[in-house]
């Protein structure tokens, strides 16, 4: 079995989805959208994990990994959202350009 | 039982939060006790004393190798220091208690991280330590802390995405995430582009976590903006375990130090060493200078790791031993410096070096211990940092990387330069107006300072004993 | 190629294209609420894809946690922050148009690059022992992950306690 | 018995400290010094009569052992040094009485005696070096306490002798390395390999420079003017010749077996010949009593080096005999110079003249010693020179010719000196000159008496001093004995050599009369040589110090200093301005790059990731 031919159709889509997320991550100025972009990238990676399990036949393992990943993802997003809201309380805006006090 | 090192903090967090008021006051003793227990446990497992260590238990297989023991010891020492700092600097009881819990969780995460032998489990524990760190940094909800935490969170999430992508690719290839299986499978087709991409993705993630230039953008902000206890813990050990330890472990035991990986580590290490030192040179915020210094020192470690696969076996062993030794030393002296920065900030009310001066008269212990730590960082003999740097530079030279070795020596001078400038601006010189009423910090800050300074001196002086029994076996690969 | 497989693949490609569209919508949609809903849509499509790839448990979690819980988190966060003024939005839009025109270009490059890349074949190495029962796996070899989940969730709890608590 | 050698070193040193302690007390100090010299002479005599033996105290593992060896040669040197030390101490009593620093003078004199004894007795090269360097220190000190400004000459002496001593150290290190031991009597090296030859050359530099040979000689004439006169009689005239030639003899006879055919022998002879000629040419034109003598002190060393360099028995015996003879007549000459200086207040030959009647004893002493140095029979210098001529002729006519020419010029310059100082017109200012006090006359007379004795009864010193001294060297005692029987008893064997010498002396007298007639005065007797075409340019250059290694060295050092100053400024600029500026600039750039923007940081990380992956894939 050639791994490359098995994984390539999925791989391309995963890469495209990740690029969308990363592009947004760099370009956007909205802090919440940064979190959304991270979510997009996470979706891509989750898909890749499932595909990896499917390709290697270790579906059960892949599922356990995905479940754990989802839990951690939620925690990170909640913490991120907490930080964003706290920043909003300070500055009244979601503009990430306000986060440039620390530099040099 | 190694798994106790993860379970005890978890239980401690659960127990301390039972609705009984007096339990909250037990947080500091509990943390100190646990740190001492962990230190003793780790010492018992150090190569010198470890003859028949248990190597297998239910959750952690094959855990107790020297590298892990060294890291466990460092975690214990830094956790010990940071709970004291927390005790001294917490603004109110509630804040302090929350931070205690988070420190416990972070320590549990790091302990798990250094003991697991599975890529995905590693990711989990890495994420535990990181999440606890984000919250610790943002805990004061001041603008700086929030900014640092957000940057750290985004970059860290990016890093974990890279690692997860790599894990997924490897899972598709070999159907497992265990170190052993992955290492064997990689050995079979190591030079295939697909696997190299996977390795590259993982390395990229780890480089972000270690704060190697140019992956380091979050690091100075997170270190400088964090509250005192958080910055002590994060700068001292969290990034060292989540980033540098993981890098060492994976490069040595999973990916293998191939020529390309070595070149990468050397290049990025050299960039970090020089650019970090240069950036530190112009800082006026004490903690920010320490943060850049951290980047520079981690660069040394990575450079030492960069000769791990050298043709000259002796150089390779020396380089790895030097990298691990420097990792330990760096944990100690950077923690000491952050503890002292916390003391200065608490006593003088500012970290701006332009507003400080002559504090050594008022804070003799802080001044002296930070001088010691700075000399250790810059590599002044016979302090611990000198020996580890010497090992790294000697390894670079022996492996034929003369340019990198000279660069290392040159950057050492830069290190000395910025630290002397720090020392002169903060501790020596004339007493600044406004600093007349500064006093020496309380016991909660001086005790960890003295303990850490004693470790620095002791390790430096006891090197001849350590080198045979502890350093060279540490390479263990 | 087997027509069944072909249909299967076609279905997968369509699903993934839907996911990509969902992602683009999340990134591009002007209002954050709509973007969050687009993200939920992406999650749902991912869930179907997982189901099709024989990962029902993961699919359930994806549906409930990602499409459900995370959307809730986002929408509550959005409702907590003040919506941007019309002026800001207009400025944002101009900026977006200026910046996002590069995105199709990048996507095209990456897609074509990956599609036309020639990679030498790589066999799948079945190195590990195969466990198909998730219960055994989750409570056996991967029990450490559960411990990790507990720790992460605890950390999350303190995150909520520390970050969302109202200051007096 | 073994303690005697320690006494020879320690007693003078201890008494020198006493002299230092009493230096403010004038006569007490002088008496202490006299006592020290007497004690030293007694010890030296006892040593001379004692049988040969050695003491050995192991000290360090790497070659520095405290090894002393008494055998006829070292006993002879110690005895001779003790004799001169006593004579000169006695002489100094009136001479130094009115001067500043007399206490320091006696202190250093006795210390020099201790060091000289140590150097003569030492059988370990490193130990020898210690005493050798000790002498360098007292040399500096003794010159420096002369007239104001003497420290310049002292510095010159220190630098020149110091440089030669560094060469010697290097030689010692090499010799020790190749011989595997630092004990002189156990060292046996051959001159066929490069390493030992190099060691030989470096050691030779040290020994001959100590003796005052070219090119490290130029401090002696300056010191003659600046230093107190007894110093000149003590150090350059006696001690340094004794020790330098002693060490040279030990190098060529003990450590290395110098063979007549070797190029090293020829090198030594050439060095000797050049030293003779150059120094005597310089002596000829001097207008100062002491400077003239100083150049002769250099010139006569050439004879000794020439003699020892021949590596044939007659030459070696002649060289050593000349060493002791020279020490006597040159000390005597300096002492007459000292009396003239003390009584007349000057040593400038232009201001002297016709004082022979006023200072008859001094003049007699001068006459005897001058005849000795010129090689007039039957004074001692004649016999030693004949032996050297014999050896030189055996090795090549050119060396003999050079030696003869030197002899001619020596005689000419002393005719000039005697004429201009003691005869001629007595100036008004010198009318009141009186004879020197007895304490100064006694040493002079003693030395002059020895000059005659060593000449007339030359067999006595040869058989009692020189030939026993050579016993135990690479020259077998029997061999030397045989040569002494056939060659050296009484009148020289070769009539040809004697005739040659007499002819040369006659020519010198003739030359003197021609010179006096041309210039009209005794002092101008050598002017026709001085201003001969071609020669006077050379003389001018020499007087300007063009050939003085010290002056050349100073000029070089100044040029080098200017260059290094420039380099230093440049480095200073690089380190102070350029490096700091560049560092600050880079620091600023690095800090400016950290502009706090999250998207920039993400950019860096993603670019780094792409770099990592591309690099990994490409390199593999």
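Note that the chains are named A, B, C and D in the order they appear, and that numbering of residues resets to 1 at the start of each chain.
The rule is short, and it goes like this: a residue touches a chain if its C-beta (ideal position, glycine included) is under 8 Å from a C-beta of that chain, and two chains touch if they have at least 3 such contacts.
What you are looking at is a predicted structure, and each value in this text was computed from that prediction instead of being measured.
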Legend entry - Other chains in touch with both subunit C and subunit D: A, B
Inset, instruction - Determine, using the mean of C-alpha atoms as each chain's centre, which chain is farthest from subunit B. - result: D
Inset, instruction - Could you put a whole-Å number on the gap between the CA centroids of subunit B and subunit D? - result: 70
Inset, instruction - For subunit A and subunit B, let me know how many angstrom lie between their CA-based centres, rounded off. - result: 26
Inset, instruction - Report the inter-chain centroid distance for subunit B and subunit C in whole angstrom, where each centroid is the mean of the CA atoms. - result: 32
Inset, instruction - Would you kindly tell me how far, in whole Å, the mean C-alpha position of subunit D lies from that of subunit A? - result: 91
Inset, instruction - For subunit C, jot down the residues that touch at least 2 other chains. - result: 119-120, 122-124, 126, 128, 130, 145, 148-149, 152, 155-156, 159, 162-163
Inset, instruction - Indicate the residues of subunit D shared as contacts by at least two other chains. - result: 591, 594, 596, 598, 602, 606
Legend entry - Set of subunit A residues in contact with two or more other chains: 3-4, 6, 25, 27, 34, 44, 51, 53, 55-58, 61-62, 65, 68, 72, 75, 79, 82-84, 86, 99, 101-102, 104
Inset, instruction - So, with touch as defined above, which chain pairs make the list? - result: A-B, A-C, A-D, B-C, B-D
Legend entry - Partner subunit A, residues of subunit C touching it in the complex: 9, 12-13, 16-17, 19-20, 23-24, 26-27, 32, 35-36, 39, 42-43, 46, 49-50, 53-55, 57-58, 61-62, 65-66, 69-70, 73-74, 77-78, 80-82, 84, 92, 95-96, 99-100, 102-103, 106-107, 110-111, 114-115, 119-124, 126, 128, 130-134, 137-138, 142, 145, 148-149, 152-153, 155-156, 159-160, 162-164
Inset, instruction - Going by the contact rule at the top, pick out the subunit D residues touching subunit A in the complex. - result: 591-592, 594-599, 602-603, 606
Legend entry - subunit D residues within the subunit B interface of the complex: 583-584, 586-588, 590-591, 594, 596, 598, 600-602, 604-609, 612-613, 615-617, 619-620
Legend entry - Contacting residues of subunit A [partner subunit C, same complex]: 1-6, 8-13, 15-17, 19-21, 23-24, 27-30, 32-33, 35-37, 39-40, 43-44, 46-47, 50-51, 53-68, 70-75, 77-79, 81-86, 88, 92-94
Inset, instruction - Over in the complex, which subunit B residues touch subunit A? Could you list them? - result: 120, 124, 127, 131, 134-135, 138, 141, 143-144, 146-151, 153-154, 157-158, 161, 164-165, 167-177, 194, 220-221, 224-225, 282-283, 288
